[in-house]
Amino acid sequence: MSQAKEFHFKPHNVGRWIVWGLFALILFVAPRIWTSGLAQTMLTQMGIGVIACLAYNILLGQGGMLSFGHAVYSGMGAFLAIHALNMAGAGTLGVPVSLIPLVGGLAGLVFAAILGYVSTKKAGTPFAMITLGIGELVFALALMLPEFSGGEGGVSSNRVIGKPLMGISFGPQIQVYYLVAIYCFICTAAMFALTRTPLGRMLNAVRDNPERVEFVGYNTHWVRFMAFTISGFFAGIAGGLGAINTEIVNGEVLHASRSGAYLLFTFLGGATFFFGPIIGAVLMVFCGVLLSELTKAWLLYLGLIFLFMVMYAPGGFASLILMNLRVAAFGKFKKLWTSYLALAGTALAALIGAATMIEMVYHRQLNEALGPELRFMGATLNSAGLDAWFGAGFLIVIGVALFELVRRQYVHEWGEIQEDIEKEIKRREAL
Amino acid sequence: MSHALELRDVRKSFGKSEIIRGANLAVQAGERVAIIGPNGAGKSTLFNLISGRFAPTSGEIHLHGQRIDGKKPFEINRQGLSRSFQVSNLFTRLSVFENIRCAVLWSLGHRYAFWKFLADLDDANDRTEQILEMIKLDKRRDVLAMNLTYAEARALEIGITIAGGSSVILLDEPTAGMSKSETKRFIQLIRDVTVGKTLLTVEHDMGVVFGLADKIAVLVYGEVIAFDTPDAVRANARVQEAYLGSVLAETQAAAA
Amino acid sequence: MDQVFINLLNGLSSGLLLFMLSSGLTLIFSMMGVLNFAHASFYMVGAYIAYTLVGILGFWPALLLAPIAVGMLGAGFERLALRRVHKFGHVPELLITFGLSYVILELVQLIWGRTAVPFTPPEVLQGSAFTIISTPGQGMSFALGKAAPELCAAALCSTFPLTRAFMMLVALLMLLALWLLLTRTRVGLVIQAALTHPEMVEALGHNVPRVLMLVFGSGCALAALAGVIGGITFVTEPNMAIIVGSIIFVVVVVGGIGSLAGAFVGSLVIGLLQTLPLTVDASLASALTSMGFTVTPETPGYPVLRLALKDVAQILPYLLMVLILIFRPKGLLGTRED
Amino acid sequence: MSEGRLLKLDNVHAFYGKSHVLHGVSMEVKPGEIVSLLGRNGAGRSTTVKTIMGQVDAKGSVQWGEQELVGRKAYEIAHQGIGYVPENRDIFPKLTVHQNLMLGEKTRNKTPRWSFEDMYKMFPRLKERQHTEAGVLSGGEQQMLTLCRTLMGDPDLIMIDEPTEGLAPKIVELVAEYLKELKNRGIAVLLVEQKLAIAMEISERCYVMGHGRIVFEGTPADLRANAYIRKEWLEV
Amino acid sequence: QKGETVKLAYIDALSGLMGPVGQNQVKTFQFLGEKFNKSNPAGVKFEIVTFDNKLSPAESLNLLKAAADQGIRYIMQGNGSSVALALSDAVAKHNERNPGKEIVYLNYSAVDPDLTNSKCSYWHFRFDADTSMKMEALTTFMKDQADVKKVYLLNQNYAHGHQVAKYAKEMLGRKRPDVQIVGEDLHPLAQVRDFAPYVAKIKASGADTVITGNWGSDLALLVKAANEAGYNGKFFTYYTGVSGTPTALGTGGAGRVFQVAYSHYNMGGQAQKDAEEYNKKFNDDMYTLSVQHIYTLLSQAMANAKSTDPVKVAAAMEGLSVKSFNGEVTMRKTDHQLQQPLFISVWQKADAKYPYSPEKTGMTLAPVKMYDSYVSSTPTSCQMKRP
C-alpha cells in the first residue's frame, strides 16, 4: 500500500482540458460561422436548451427521477425574470440585465425547494405522477392569475435598458447570444462539477438503490430534494435567459409540452451520459424550429424518429457516438466504415422514397392551390401523375431491400468487432 | 456498563400476526453473536427492526445506551450500526470502488457536500482503497457492481456494510449460496474485517455459526429461547428439539 | 333540485366515459407497467375507424368491429415495437408510446383530414332518453323520451340525450365484463407475475409474450370502444385525444394503480369533480364577504380570492391527485404503492 | 418416450451474449432417478439447467425423449413436462402464496399427481401463510414455495437449483426426504447442490462440473472414492 | 415596382389545434394570390412563404426573425389575439432596432380591440373588423329583437373571449338597458369536451339568448350540447361558419344561430364565384375573406407609392379607400383599423336563394341584415407613434 502511494500522482487530465477548451471555442465561434439572424436566434436557444436539458438530466440521468413537470421551474424562472426585467426597466429594481438570469435561477430554486419538498418524498411512478400533477396545477393557476402571467398573451418586456455599457445594450441578438454562451459554459461546468462531488455520487447511488442508501447513513429524501433544488436553480437560469431572449413570457413556458420536450430530448441525446443532453438540446431546437420550416409533415417525422431511436438506440445519440468511439479507439473503425457508407446510402434511398411519398400526400392534402407540382429536394414532382408515385415506391422497395442486406452484413461485422474488443480487453486485463 | 446493543421486550406484528413476540437480547461490545432459528422464526425481521427498516410495534432497542427504536435507518446508521442483506443489495450501476466510497462518505463527515470534489477527498479515497484490499476486490475496482460474480457480490455486500466504520455490524446470511471452500475463505474474511467490533450474524450453516460466534442466540417463533456459548447451546434440549438435532447440523458443526 | 339532478347525471355520465378510457389504461399500466401515453390516441382512432365503418356497415357492426380493429393495431404495435424496448425499462416504453401518439395524430389527420368529421349517432340513439320536467311549485317529474311540448310550455324541461344514457349503459357492461375476466381467469395472475419475473412465468409454462400482446391489444380495444361512444356523443376530431390525454392518468392514480374498482371509483370522482364545481360561482372572496369581511380589489391576495370555484374547476382533479399521492399513495382503492 | 433415458444433453455449448460459458456438456437423466450436478461457484451448473430450460442461447443438442429442445421457447419446454426451480427463487412478490401456486398449475389433460393439499401437508408453514403476499415471506419460506409451485405443474423431470440454500438444517433434511418421495412417485430429479453431504446421500448418480465442462461422472460411491476429483473440483 | 415579386410571410398555426384554420387560410392566400398575380394595380407578383408558429407567441418571434433573414418585409398573422399582440410589439421593436429593414404586419383576423387602441402600432394593419365593431353591429341588431330579454355570456378564457364579454355588457347596457345579463362564464380555451354542465347552467338561469365569441370545437360542442339538452334559446356568435362548426351544428340550431362578420357564405358577385371555385378545388370553404382586402389594399398602396418598400407602402396604406367584395372599405388613418360593412346572418336550410352550403351540411348562413361601415364603426383611443 505505502509503496503504491509513492508512485501515486494525479496526472493533469489533458483530455479534459482539451474537451472543455473545444466546448468554449465552439460556443465562441458558432455565431461567426452561422451569421444569419435566425441562426443566431437558434444558437441562443440551443445555449439555453443545453442548460435546461442538463438541469433536467440531474433528475433523470443522475437521480433516476422521471419528471413530467420540469417546465414549472424553468417557466417560473422566466416569469420572475421578465418581471424583474420590467422592474429594472422602470427603474424600481437595480439589477443589470446580465444578472437577470440569476433572478430566474433564484426563482427556480425557491419554487423547486417548495414544490420539490413534497414531490421528492416519493420516487418512481408516484414521483412522476406528482410532477405531472404539479405541472398541470401550476400551469393552470398561472393562467388564472393574469396579474402575474399576463394571461394567454403573456408578459412582454424590453431588454434594452438605459445606456449601453461599453457598447453592450443587449439589443442586437449577438450580444444576447454571448450572454447565453457565457452562462451556458459556466452552468455546464458547474453541473459537471456536481457529478464529481459527494452529493452527485450519492444521487447516483439513490438512483440505483435507494434502500441501501438509507443504510449507509444518507436520507434519500434529502438527497433527492437537494438535487431537485439544484436542478430547479439551473432550470430557472435557463428560463431567465429565455425571457431575455424572447422578451415575452407567456403560459406556454410552463406547459406540459415543454416538460415533455425536456424529457424526450434529454433521453434522445442520451440520459446516461453527462454530455448526452447537450446533443439533445441541439436537436430540440433543430426539430422545433427548422424541421417545421422544412416540411409540413414534421410532426410525423418527429414521431417516427422517436419511435426508431427508442427502439434501436435506447441509449440515445450519445451512446451511438460512444460505441463507435470505442470501436475507433481499438483501431477497428476502418473495417466498419464501408458498411456505414453503404448503410447510409441505402437508408437514404429508402428515406428519400418514403419522404417523397409523405410530402406528396401532404401536398395533395394541403397545398393543392399551387397545382399538383411540388418541389422536393431540388426536383419538381408531379403528385397527380403516377410516375412520381411509382418512382418513390420503387426507391423505397429497392432502398429497404438493399438496406436489409447491408444491415445483416453490418450486424455481423459489428458483432465480430465487439467480440474482438472484448477479447482484447480481457487480454489487457490479464497483463 | 451499557451494552453495545440491547433489545427489551421487542414485539412486531404485521396485520394480525405477531412475528416477534417479546424478544430480549443484550450484546456486549466486541462480542460476536450468531442468531439461529428455524425458517420464518423472525431473524431477518429482527434485523429489520434493529436497523430501522421497520419500527417495532412495542418494546425498546438501545444502541450504546441510546434508544434507536422507531428511528430511520440513516439515523441509526449514523449512530454506529450497519447491516448487510440476505440478498445482495448493491449500487448496481456504479463501480466497485464507487460502491465502497458511497458507504464511507457520511462517516467521514462529507455529508451532502456539493462544493468539494470527490477526487480531492483523500481520506475517503484512502479508506476506500483500504477496504477494497480487505475484501480482496482491489483488482476489480472499476468493474460495475452488476457484473460481479455471486461471491464477489457477497464480498462487496460485506464491504459496504463495514466501510462506514460502524461499531455494531449485522450480517444476514453472509455465506448463503457459497460452496464450502468459499465459505471458509469468507469466514476468515469476516473475522478479519470485524476485529474489535460487535457482530451479529444470521446463519443456517452450523459450520459458520460455530466457527465464527462467541455466543449463539436461538430465535424460535419470535422469541429468544436461548442465548449462550456455542457449547451450552448445543447441549440445550429445547434448542435441539426446535432447531438442531439433525445429522446435517452435527456434521456441519463438527467440520467447523 | 332538478338542476342538481341534471348536474349529477352529467357528472356521472362523463365519469363513466372516463372509466371506459381508464379501464384500458389501468389494465395496461398495472399489468405491464407501461404508462401508455398513446392510450387516448387509440381512443381517437377508435372513433375515426368506426366513423368509416358506419358508412359501410352501419352503426352496430362498427361498434363491434372498430374496437377489434384497434385492438389488433395495438397488439401489432406491442409485437413490433413495444416488445423490443421492454428490456430497456419503463422510460423507453413510455417514450415509444409518446412517439406513437404523434404518429397516430398525424396519420389520422392525413387520412381523415384536420377538421371534425360528421360522426352522428344512429337513428335509435338520437333524441332523448327522458325529460325532466320541473313545474314551479310542484317539484319534479320524469317523462320517457321527449316530453310533449304542451307539458313543457308551463314547466322547465331538460332532456337527457340517449347517447349519454347509452354511454352509461356500455360503461357498466364493460365493468361487469372486465370484472369477470380478471377474477374468473388466470390471465390476470400471469400478467402480474410476468411484470416482475417474466422468465420464471415462462418457465412455468405460460406464453408470456402472447399474453402481454393480448393485454395491450385489449386495453387499446377498450379505448377504442370508448372512442366510438365518445365520438358520437361529442365530436370526432383530431383534438379529441389531447383533451382526455392526461386526465385519464389522474383517474388511474386517484383510483389506485392496479385496481379496476379503483379506476371505477376514480372515474366517477373525477367526472363529478370536473362537472359539479362548474356550477358554483362562489369564491374565497364571496365566502369572506358572507362572513362579514370586506374584500376589495385592494385586499392582499385579491387575485386569488377572486377566483370562483367554477374558474378553478379544471385544476381540481390534479390537485386531488397530488394530495392523494402525498397522503395516500396507494390511491383510493389501490393496493400497491409503486 | 423412449425407455432408458428421459433427458440427454449432447455436446452443449452455451453463451451469455458473447461470453462462452458451457463448452460441450454431455449428460443424461433416466426416468425416475435423482442425478446431482456438483461443482464450485461459477462452474456452470446453473447455466446448464437454464440451457435445458431454453433460457440461454445454446448450440448442440438437448433431447427430451425423441424431441429436440434446443431452440424451443421456455414455455414450450415447460409444457413437455420439465419443471424448473431457479436458484434465486423468483417468487412473485405481489401475489399471495396461493396465487403463486396457482400459476404453477398447468392445464395438461391428465390428472396431476399433486394438489394444493399435498403441498400444504408437505410444508404446513405455507398453509399458515397462504393468503400473505409472497414477497414478505422469510427466505426459507420462499424456498419452500418455489419448490411447491413447480411441483404443481406436475413435471416428469424436476430441475432444482440449490434448493436448500437458506434453509434451517431440519428443513434441509425434510427437503431431502421429499426429493426421495418425488423419486418414489416416478419423477426424475436433476439436483444442483452445494451441500455435498445431502447430494451424495440421496442421488443415484452425480456429475461434477468445472469451467463449463463435465469433469466427472459416476455414483456417489465412486466420487467418495475419488479424492483427486473432490480436491480439484469441489473443495480446496 | 412593376414585375417585382413581393414575398409575404404567413406566420400562423399550421399544425395542432388551430392547424385546420391556418391550412385553410394558406389555401385562401394562394388561391386569391393567383388571381391577383394575373392583374393588380401595382403589377407585382405576390409570393406566400408559410411559417408554422404552433400558436405560440415565442415561436412567432423566432419566425419573425426567420422571415427577416429571408428578406421578407411583410408578415401576416391572425389566429389568436395573444400572438398578435406579441407580434405587433416585436415588429415595432424590430423596426426600431433595424432601420432600413422595416417590416409591416398585416393582421387578417386577430380581433382584440386593444391592437388598434391602447396597444396600437404604426406597423400593424387590421383587415378584419374588431370585436367592438362586431359587437356594435350585433347589439344594434339585437335592439330590434324584442324576444331577447335575458342574455347569457359564455366565452373562452383568453383575450378575445374577455373582450367579447366586456363589449357585450357595455353595449347592451347602452342600447337595451332592459335586457338582463343573467350569467357570465369564461371557460378554458379548447379544453372543454363536455358542455352539458354549462348548458345546464344556462337553462337554469332562464336565459333566452347566448352571446359567445367561441370558435372551433368550443362553439360546435356548445351548440350540440344545447340541442341535446333541449335548449331553444338563440345564439349570437362570431364564428359559426368557421372550420368544423357547420358539421357539428348539422341541422340543429336552424333559425336560432346568428353570426356577425364582415362576410357570409352568400355574398354574390365575384366573391361567390371565387368561393365556389375554391370549394370545388379544395373541397373546403373559404371563410377568411379579409385576405382579399389585404391583396386589394396592398397592391393599391404599392401602386400609389410606386414602390414596394414597406415604409412607403405603410404610409400609402393609411387612409386608403378601395372597393372590395363587401363594398367600400377604408383603412382608418388614426388606428389602422379597416372600416367596412358588417353582416348578420342566420343558420338555416340552404335554398335557391342562398345555395352555398358549407361543409356539405345542406345548411347555409343566410344574411338577415347588413350594416354599413359607419354604423359599426367604433371610436379609438389609439395614440399612434409615427416614425
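Structure notes:
Should a chain be cited, it is by its letter among A, B, C, D and E, assigned in written order, with residues numbered from 1 in that chain.
FYI, a contact is a pair of C-beta atoms (placed from the backbone, for glycine too) under 8 Å apart; a residue touches a chain by one contact, two chains touch by 3 or more.
What you see is a predicted model; the values in this text were computed from it and never measured.
Listed by label, the chains that touch chain B and also chain E are A. With every chain reduced to the mean of its CA atoms, the largest distance from chain D is reached by E.
Looking at C-D and C-E, the interface holding more C-beta pairs in contact is that of C-E.
Mean C-alpha position of chain A lies 44 Å from that of chain B.
For the pair chain B and chain C, the distance between C-alpha centroids works out to 50 Å.
Computed centre separation for the pair chain D/chain E is 77 angstrom, with centres defined by C-alpha atoms. Chain B and chain D have CA centres that are 30 Å apart. In chain C, the residues touching two or more other chains are 113, 311, 314.
The multi-chain contact residues of chain E, meaning those touching 2 or more other chains, are 23, 188.
Among the residues of chain D, none is in touch with two or more other chains.
Those residues of chain D that touch chain B in the complex are listed here as 40-42, 87-88, 125, 136-141, 143-144, 162, 165-173, 194-198, 234-236.
Per the touch definition, chain D reaches chain C in the complex via residues 53, 55, 73-75, 78-79, 84, 86, 90, 92-95, 99-100, 102-104, 106, 149-150, 153. Within the complex formed with chain A, the chain B residues making contact are 51-52, 72-74, 77-78, 82-83, 85, 89-94, 98, 101-103, 105-107, 110-119, 121, 129-130, 133, 160, 163-164.
Those residues of chain A whose C-beta lies close enough to touch chain E in the complex are 36-38, 41-42, 45, 140, 143, 151-154, 156, 158, 160, 171-173, 242, 246-250, 252-253, 288-289, 292-293, 296, 298-299, 366-370. Looking at the complex, you find that chain C touches chain E at residues 3, 6-7, 10-11, 14, 109, 113-118, 120, 128, 131, 146, 152, 156-161, 163-164, 234-235, 237, 239-240, 242-244, 274-276, 278-279, 310-311, 314.
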